[in-house]
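The same chain A turns up in both complexes below, where it pairs with chain B and then with chain C.
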Partner chain A sequence: MTTLTAPVPRVRLARFRDLTLVPVIVILLVVGAFLDPTFMTAGNLTNVLQQQAAISLLVLAEAMILIAGKFDLSLESTVGTAPAIAVMLVIPVTAGGFGLGLPGALVIPLALLVGAAIGAFNGFLIVRFKLSAFIVTLAMLIIVHGFLQGPTEGKTLFQLPDSILYLGSATWLGLPAAIWIAGALFAAGIFGLGYLRLGRALYAIGGNADAARAAGIRVDRVLYGVFILGGTLAALAGILETGRLGAIGNNQGVGWIFMVFAAAVIGGVSMDGGKGTILGALTGVLVIGLVQNILTLIGVSGFWQPVIYGGIILIALMISRIAGGKAQD
Partner chain B sequence: MKNHVEARNVVKRFGPTVALNGAGIAIAEGETHALVGRNGAGKSTLVSILTGLQPADEGEVLFSGEPAPVLADRDAWRQRVACVYQKSTIIPALTVAENLFLNRQATKGLKINWRGLRAEARELLDTYEVDVDVRALAGDLTVEQRQLVEIARALSFGARFIILDEPTARLDGAAIERLFGRMRSLREQGVTMMYISHHLDEVYEICQSVTVFRDARHIVTRSVADLPHDELVAAMTGEATVAYEARPHTPAETVVLSGQGLTLGGRYQDIDISVKSGEVVGLAGSASSGKVGLAETLVGLRRADSGTVMVKGAPVKPGDVPAALRAGLGFVPEDRHHEGFVPLLSVGENATFPIARKLGRYGIVSPARRRAKADELIKNLDIKTEGPDQPVGDLSGGNAQKVVFARALVDDPAALVVINPTAGVDVKAKQALLGAVEDAVERGAGAVVVSDELDDLRICDRVLVMFHGRIVKDVPRGWTDHELVAVMEGIEE
Partner chain C sequence: MKFGSAVAAAALLAVVTACGSGTTTAAGEGGGKVGIDHPRADSDFWNSYIKYVPQMASELKVDLMPPTNSQNDVAKLVNNVQALVGKGAKVIVMAPQDTGAIANTLQQLENKKIPVVTVDTRPDKGKVYMVVRADNRAYGTKACEFLGEKLGGKGKVVQLQGSLGSINGRDRSEAFLECMKSKYPGITVFSEPTEWEGSKAASMLQTRLEQNPDIKGIYMHAGGVHLAPTLQVLKQKGLLVPPSDPKHIFVVSNDGIPQEFEAIRKGDIDATVSQPADLYAKYALFYAKAAMEGKTFKPGPTDHDSTIIQLPNGLEDQLPAPLVTKDNVDDKSLWGNQVK
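Then we have the complex of A and B:
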């Protein structure tokens, strides 16, 4: 038996695979500092983090869903629709609401509930009916956005209850509350996917669902849970964004999903499931945020930003491919 | 004797297909019971029913006389039955340690204790003497290591009944002996086993009784001592068959395939090989002998560090499969699921890939011509299929392998390289596949047969035995099993 040779334990580079984007972040910080003196100020960096707080929650949600081997495009629509529906259940008809007169304190729980319900419906179609996650959530992206457009008739909601504005605008211990919330949730995600059986089950399901089932993992139940959690996180992202902007526009969240996928994938999360970490996804968000900030600071025309932006995503991908050493999928 | 496991009158349908038609099995406590049958006889379906992965449409399953637990209660199933599945149930992106303890990781409170998990995994692998780094990614293991990890995992649940579904299909001789040694010691400890294999010799070696399935039905159950080889094969096929007779070949003088001074670091060194038209050359050796790497180099899947490959006297661009195919090579890869066919595409398309350019002009493939060619191939190789339009993924293992052969033979290759041509296929398909190699040779091709199966090598005019990356002996036809194995294991020079 001893004739079997174990695979040469490759220098524990694997452990640092999560951190392949760290050099990119360092380069961006250095470049930013050279290009604009205001970049390295605490105010600006806080600003970057605050702007990314909401979208980072979507990245967290998407990373978990991708690791479990599924897909959710509809998250971006939930960002606008969940808080909007919750607000309309509370505010009077004159302000654009349904006139149900529910207490204002309920608006956050209601928004989270709407998000969870959307996630549960996605899960229902994908897990129960075994439909393709890509197409289901593409349809849901359109439908859920329609549930923002329809009731508001395309108008922006301005008169919001104070409770929904608080989280996105408050400051705790000198930093915006949104940063604390996102930070805490990412910490929970890193811990959960690294150290809980339930979290490891996501990797097992994404890596080989049959094997996971044979190992006694309740695959369907876990997938349901992931979709519901994803919808809830998207609703929370919507609440933070609403608080930051002070209003709910009819295109809140629209177009985010591309950035979300870009962040997750350059952060090392595989589109095929079973691979990637939450820490990696977090570095992906930071790269995207820093690039955006630098482009704005140096005054690149908004019309040209997408080109540079997309190019930098590609470069980041190549760097993480070279550093990671393996083909991306 | 008490029955440890019993399945009675099990019926299982998949759409219009009846996979099990009132079949059953009764396995006595403490015995090693073989389940044999041709591909599609219903063996795998019975396994998934006995392990609780699928419900039976009708019939019942009993463990020690008690009805089986409900399907949802995985823990109860795993305490009753462990299984090493034919399909790998390893998750490639996770470490060996985590694969071993998937969903039952060592925890401190709720938190997984990674250090403890690794220690437990190391202990488990040590118990079964599997020398694998528990921190390695499971996807980086060799087939053999992966299988040993799976076996160790199956045993670790403490079940007293273990199903081994073709565990030896991809192991070499030494590994099979180790496995059998382990099975014998388990049996001494009173563990009941169900053993599935296409290798009837193994059935006689390791099992006490045998059940034969054919066409979704139970045919016979008997003690192996009371069921001679011929009768067993007859029960499997429904007719009496004779062992495959290798035909005599008359090699010509022209060399159709040769390699000179081939070296690939870590796999093989200084290989010279030449195959004449009308000759079959075998390559034998253990898993680490480098035989598969050498064959893959000949067909361009790998690029040697040095040396040249020549087809019909002209050098072929190294590491370039299209160039090798153009030069006149046909190729049956080691793992048909991985490199052999595209499961969703039809039999016709899979079989005619290499000649797509000949089936129409300007990159357009004429469906009518492809169909005609495919019909011809289906007939020549006796592929059991609904027709050229059926996806290969729906075929049984033996028929899928025939499609892979069809692809290799479609362009009338001057040289044919086949790796493990009969892995996981039944007796009759095996004979058809070996016949196909000999047919091609009679048409003037030269063939290289790389195989772990001694039976496959019997059609060879000479067998080159490799040991640690070198050809150590050129054995002419007429060898005995014992002689060849001794050279392969490096016991004899």
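Then we have the complex of A and C:
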């Protein structure tokens, strides 16, 4: 019993630190409600969650990888490439496919497999070859996107099997399926990294890999696992996005990685590894989604949106710094 | 695969130009090579254009060098043009997506007496032999007139803008707004800066429809990017209904790709402005050949339903861009009906 009670207060304190963005979210909700009557409606808030579901899975993946002390920039390319390759294995040549004619039901497993394979390859180069994660995944960002542009020859894939459109467009119990999926995965992530041995191992590795190894954690194996999981989550994000958009364009996912890092970092995840939580990262995604929504609702001129958008992210960063009381890194 | 063929092409080119450089100058009239740079490889419209280029080159008997691709990066375009000139290009065809930053390159080409044909965009500065371009302002105006008429001059419409950093995006946007303001002052326009991104388009349209459920018209600046997300949003909202239904939202697109035609036939969207990918390729090479032969052109109407206008730095052939509706969607001459 004594061993169990000891860590409880520490966990609670850490929770408060994760929630430094909550005041920002409250401010955004109040300001949004004040600026536009549509903002606080259930329909609009559901839309915000649906619009953020896909990118939130990337944030979940990136948060885990960052906590383990590594980096993955290539996630954004997987968002487009994994579903595209899977779709091309299924659809006929006339629709832009490879003409293999695999059954349509296989699209989702295939896409997840492609994502996992990309993650495994990243892991191989980073864990096995000890290459810099930043540079490896930067190269992979370019290569993986090339594997979308090459086989499709730049064309948008319009004719998609129904199976890949389902998850991103279905409604379960009155809410879009994508929200349930992202919610469930975040719940699993919060629980896993907070309470499971394997999840806690990510913090140990990100804090000090040598010490973790000395403590008996199989560092290489865990890191492999994190990269593979990251790639798989990115592929799932791609599946949700494909369902939402109804086609796979050549720039699907392109440019997301900046938003992903912004969300993770304002949510309190350290770029140096070992610090931050999944719940924090989730609040980061929500802030970004709410800001985008408000800017659209009030119709800020397109010429000025980037300035206001970037400015709000900076302010969120400052508020979370003040509320958190700790230097960010 | 692409890389491999590019290397092979470069190797081949080195051999060809090494043998040919002595003869091209002597050949005189009609001789010489046309160097062409493609602006990007990731959009449906440009990919169609890229496919038309070799086809039109053989029809017009233009000696085309293996094309380069600057992937939407003006720095790459500058390098590619230098490489093409180095390999013996006598005329350059390019489509600078950044119309300002290309000025120096145009100056250098002028000094070397190499004529330039630009496609789709009009460089701000620097001499051009001919700009081959559809009037992007006319796209916006046509879309505005179509929606204005369908809505009877009142109600709310959304325009899904392209990138405001590109002249074509700005032209469509400004012309649409100006026309709405002057001809249909009863219509409220919401402008969504989607940056040519499907993801942003879907989110912005969904949010705007939540806020204004009485929106009755949509103008999409690029069908290749905006079509599928728009249809998906409308479908989820239960608004994808035939024009006879009072809930119908009138959608005008821009590009003229086969998928838009398909959507028009199904009644999902109502019209599109067909941006002539085939004519872009054809007349780019036509003027490239004419430049090599030393021909000159004057402002005024042409023999192919277009008008040449005078620019401070050259001439511009403004190609026609027809509005495609249910009535003429099966017209065989539309390029969207010719691609598979």
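Simple rule for what comes next: the second predicted complex is superposed on the first by the 314 of 329 C-alpha atoms of A that agree within 3 Å, B and C clash if a C-alpha of one lies under 4 Å from a C-alpha of the other, contacts with A are read in each partner's own complex, and residues count from 1 in each chain.
By definition in this document, a residue touches a chain if its C-beta (ideal position, glycine included) is under 8 Å from a C-beta of that chain, and two chains touch if they have at least 3 such contacts.
Keep in mind the model is a prediction, meaning the values are calculated, not measured.
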{"item": "First (chain B), second (chain C), both or neither touched by A:154", "value": "second"}
{"item": "Contacts of A:197 with chain B and chain C, given as first, second, both or neither", "value": "first"}
{"item": "Which of chain B and chain C A:212 touches, first, second, both or neither", "value": "first"}
{"item": "First (chain B), second (chain C), both or neither touched by A:41", "value": "second"}
{"item": "First, second, both or neither for A:26, with chain B first and chain C second", "value": "neither"}
{"item": "Which superposed partner A:247 touches (first chain B, second chain C, both, neither)", "value": "second"}
{"item": "Partner chain in contact with A:314 - chain B first, chain C second, else both or neither", "value": "neither"}
{"item": "Residues of chain B that touch chain A when the two form their complex", "value": "51, 53, 74-75, 78, 83, 85, 87-94, 98, 102-105, 107, 110-112, 114, 129-133, 135-137, 140-142, 144-145, 148, 174, 178, 288"}
{"item": "Residues of chain A defined as touching chain B within the complex", "value": "1-7, 9, 12, 14, 191, 194-197, 200-201, 203-204, 206-208, 210-217, 270, 274-275"}
{"item": "Chain A contact footprint on chain C (complex, rising order)", "value": "1-2, 40-44, 46-47, 161, 164, 190-193, 196-199, 202-204, 206-208, 210-211, 224-225, 227-229, 231-232, 235-236, 259, 340"}
{"item": "Chain A to chain C touching residues, read off their complex", "value": "36, 38, 41, 43-44, 47, 50-51, 94, 149-150, 153-156, 158, 169, 241, 244-247, 249-252, 255, 292-293, 296-297, 299, 301-303, 305"}
